[in-house]
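Let me begin by handing over the structure; questions about it come next.
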Amino acid sequence: MAEPLLSVRGLRKRFGGLVATDGVDLDVAEGETLAVIGPNGAGKTTLIAQLSGDLAPDAGTIRFAGEDVTALPAPERSGRGFARSFQVTSIFREFSALDNVALAVQAHAGHSFRFWRRAREERALREPARAVLAQVGLAARADVEAGALAHGEQRQLEIAMALATRPRLLLLDEPVAGMGIDESQRMVALLRTLRGRHTIVLVEHDMDVVFALADRISVMVYGRVIATGAPEAIRGNAEVRRAYLGEEVRA
Amino acid sequence: MRTLRGAAVLALVAALMAVQARAAEPVKIGFITTLSGPAGVIGKHMKDSVELALDHLGRKVGGLDTEVIYRDDQRKADVGKQVADELLKKDRVNFVAGIIWSNVMLAVAPTVTGAGTLMVGTNAGPHELAGKMCNELYFTTSWQNDQTPEAMGKHMQDQKITDVYVMAPNYAAGKDMVNGFKRYFKGKLVDEVYTKLGQQDYQAEITALRAANPKAVFVFYPGDMGIQFLKQYAQAGLRDQIPLFSVYTVDETTLPAVGDAALGNFEARYWSPDLKNEASQKYVADFKKKFGYTPSYYGAQSYDGILLIDSAIRAVKGDLGNKKGMVAAMRKADFKSTRGKFTYNVNHHPIENFYLLKAVKGASEVEMQIQKTVFENHKDAYYQDCPMKW
Amino acid sequence: MSWLLVLEQCLNGLQFGVMLFLMAAGLTLVFGIMNLVNLAHGSLYMVGAYFATAAFGWTGSFVLSVVFSLLATLAVGMVVEVVALRTLYERDHLDQVLATFGLILFFNEAVAMVWGRTALFTTVPKALSGHLQLLPGLRYPAYRAVIILVGLAVALLLYVVVSRTRLGMLIRAGASNRTMVAALGVNVRLLYTIVFGVGAALAGLGGLMAGPIYTVQPGMGDDILIQVLVVIVIGGIGSIRGALVGAVVVGMVDTLGRAFLKPMLSTTIGPAAANDAGPALASMLIYILMAAVLSFRPQGLFPAARG
Amino acid sequence: MRTPRTLALAVGFVALALVPVVAAALNQPFYLDLVRRIMIFAIAAVSLDLILGFGGMVSFGHAAYLGVGAYAVAIPAFYGVHSGFVQWPLAVGLSALVALVIGTLSLRTSGVYFIMITLAFAQMLYYLGISINAWGADDGMRLARRSQFGGAVDLGNPYVFYYVVFGLLVLLLWLGHRLIHARFGMVIRAARSNEPRLRAVGFATFRYKLAAFVLAGAACGLAGALLTNQTEYLTPSYMHWTRSGDIMVMVILGGMGTLFGPVLGAIVFLLLEDVLAAWTVHWQVVLGPLLVLIVLYARRGLWGLLAGRG
């Protein structure tokens, strides 16, 4: 195997007495979709936050495209091609959907110490933003205030914002959380179009979504990755069933 | 722009003509002081005294119908300047009087005199206005700041007191007071300590003071700082050990709150409620009767301010346009001042006596009692800088 | 300077710190639990001092005046909470700062209308007006010693309540997770009102103890409020322990700065310069301290669990 | 929804522009002074709103720049330099510099900590001001002359001074309008809306917030320069924390996060103060609860009320 795009070694983060991630190792190849699953409190969201740069790990390294990015803050990782969605929808609620995406474009279109020209009249920002909105199926909702969008649409908007930064690596934290069946299916369809074109790390509870999208699956329990493998292998892994899937079934 | 200037000139001319035409109209006096906030207590003393002066004059200053407009400066220089502008330009007052604080006065006085209106200060006495910035249209019925600490310095020098510990708040007036004190006191100073403006707790300083073991203490702590310092000084048990000499610290606005903690304190001042003269006794008696509390020097000099204006208007027979005549009349100080007869120096600041006062147990409460005269006809230290000649 | 002098100045610093703590405890509790920035806390301190002074005038008994003042401030606090502040909990801090700034204006003026602007007379009760001989050569005013003891007792009591009782459990839980407390079936509104009232009473306790040594007048709470804000920010907002540490640190730094900065400076830069720089620096010291602490620990010394 | 505001805006500007004419016609030059002072505080309020309303940075120490700007005029004047070409750029530059220092240290914190640390810095400057004897300490300094601009502009003429202030206010509003809709403004406003998201899409938010903080400080420094010229006096009390509170009240009263709200807030607050203070010495007992009511029931401020329900 060539050098993976993302390579994580020994990632550790504690909060007081609680160890959220306890020496996590991960490798994600270019173009691959890796799903991270695990019960609540397994440390998945903490893992995403450390990958995106919102949380500084206590120990361990994160290498991306051959470069050690462990010490880089979130904006700089974004500049290197990281993009994320949040577990709890995170958008600019007072701005229109198009503004939201245009901001993401703006972040990667030179500096923003520009004080004169109306940003909303910059075609270099608006055109790509419209294109991405169309890609996620929100073209018709471009001028709606983001806070007024339906929940599912807001999640789509988040994906659009991530895509607008032209990422190499997408970090998706439960993209279908809280969605109805229809919305959920639309999101899975959208994510399916991204497979292969982007490298994706996906944290998700919904097993249907996971098995629909993942090339490989890592299982996290109590801050550790207990198994990694192809979906079929994970489905058949007894330890995983006991630690995780069984629990899900009972619940 | 030119048309605008034209409009401005027209407006000014119109305003001047309006003033001229109203010569026989009632006299309007704008009185600026601090009425809101903690310092509002001083403003109340001043306002009540103005009201008493009006009563004594039959509500007619200079024989004219009188309107006094009180405005609150909130103890802020820019607000003082604004209300002064309002009094001058909107109410078109003939006199502006009052002002407690030096900084407010320094912002207001040039505004008033610059507009050709007479200003009668009834408290603040910054040295600038006694010296280089003195003005024909500016009078004060109080004092120049330094005169009072000079009196205390002289008294302590006369008594050959030495090893004196000096304390004051760390701001301009505090340093001025100490400088005034040192102008006449030449004995040994143990230390000079400047504390934070508005400080509440002096225990640390008092501890250091006791450790330094001086023979006397000289302080300047106006308002609530004084109340706190005196209480804590007494509570530390120093009242009986080290005599305390102060200026602008113990007066009738703070005595009710200080109480026994002031007993034995020495102050220097040009006026005290027990001053024996007809005008003062009448003022104090009527004031107590009307308002139910003992007046302070803030009040006495405000009362004087109205009487000074009265004397000026009478001298020009109600012709308020005759500024020259009024200035000439005011220079004579021809009115029954609560401090007794006094004269004006070339800089329009009083040449007056200063007394040593002591806090003693009176009939019901602690009161200030005159011990002796320290200065007779004392001039301030800045009048030679004043270019005015008359 | 002798070590006795240093010791006595440390006691002074401790006493000032304890006074700050009484204010800071209530403020930090209210912030920690209700997420409310209450600038009007200084007004409650003032109200406490006024009630005590007035009650002493009516009854002539120091003890009665203390009891009355504590209860009355508690009541005022609860009324203010119900009438004005309750709706502010979910608002952002800006709204809270503004509304409570309005309350300061109101209280200062209301007090002036009721009691007048002239400062009121209060003094240390006879029984406490003497001095204690702590060490040979070290006498300390009894009243100030009592302030230290009362403050430390309150700190201990608060510690026990917060760490050992059901109320304390709710308070701690409330600070970290409001919805959870509500889910426990606790009447959150009542809990808030009580906590606010207790915070008010603590401020009132500070005020009534301050009355005899400071000045009882309108606006007396404003300056100490700013210092108390410095205390809780240094300590970490929402943390009682932080409030205690912050208060003692601020009290010590301020007092020792005032006492020793000038003498120390005069040995290095000369007496004249020290006379100018010393007092200026001493008055800025606690703000410099706060800026320094926040530069290294943006959440204060003891960040509350809620981050 | 836009109509009442647009109308109010047009009426407001025409009214402000006509104040000198009306004042001259009615022979009431005082209103010139009053409105000029209001507009100066409006400039300060708009500058605060840039960071507070648009950027979500609740600075409780904004009066510090008012003071720095005022000192930047008064100190050169004290040494005989009366040229406004020196004083005013100095006021703007110096307050920008001070804001840069304060902002660099303060913006590491957030929430209440930010409110308090900005307050602390303002207090430091206040105590510094009252301690410097050479520059008047607590007493302050008188400005012997208003800033001189050669023969071009004579601030001694109240009408000229009025239109200078009016012009600067309009200029600030115009620049502000461009700024908040430009890329920079989008970033600032988005930072208020959701800073973690903004960082996640790739903005290093600190430098943009700091830049806004510095711009706001600079604009407020200009207001300080104008205020000393208005008062012809400088005191450190321009920097007192209650002054910061006043400016903040103006912003919120008028409606934060809008350009014209702070102007309206300054007008209403200072007029109210003038009217109430003339009516009763207990005016603060009215003003205080009024503030509480506005916070509780008119959250978008007076400018928001003008828009009606929308």
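Structural remarks
Chains: A, B, C and D, in written order; residue numbering restarts at 1 for each.
Note that contacts are C-beta pairs under 8 Å (C-beta built on N, C-alpha and C of every residue); 3 or more make two chains touch, one makes a residue touch a chain.
Source: prediction; values computed, not measured.
For chain D, the chain with the farthest CA centroid is A.
Chain D has its Cα centroid nearest to the centroid of all protein Cα atoms in the structure. Inter-chain spacing, taken between the CA centroids of chain A and chain B, is 73 Å. Look at where the CA atoms of chain B average out and do the same for chain C: the two points lie 36 Å apart. A separation of 47 Å divides the Cα centre of chain A from that of chain C.
For chain A, the set of residues touching two or more other chains is empty. Those residues of chain B in touch with two or more other chains are numbered 36, 40, 170, 196-197. Multi-chain contact residues of chain D (touching two or more other chains): 127, 131, 133, 282-284.
Pairwise, the chains that make contact are A-D, B-C, B-D, C-D. Residues 175, 178-179, 181-187, 189-190, 193-194, 196-205, 208, 211 of chain D touch chain A in their complex. Against chain D, in their complex, chain A makes its touches with residues 52, 54, 73-76, 78-79, 83-84, 86, 90-95, 99, 102-104, 106-108, 112-120, 122, 161-162, 164-165.
Note for the complex: chain B touches chain D at residues 1, 4-5, 7-8, 10-12, 14-15, 18, 35-36, 40, 43, 71-72, 74-78, 81-82, 85-86, 88-90, 102-103, 106-107, 110-111, 126, 128, 133, 170-173, 175, 196-197. Residue ranges on chain D touching chain B, taken from their complex, read 20-21, 23-24, 27-31, 33-34, 37, 127, 130-131, 133, 136-140, 142, 157-160, 163, 227, 230-233, 235, 237-238, 274, 277-278, 281-284.
Across the complex, chain C is touched by residues 52, 58, 60, 105-106, 108-113, 115-117, 119-121, 123-124, 127-128, 131-133, 241, 245, 248-249, 252, 256, 282-285, 287-292, 295-296, 299 of chain D.
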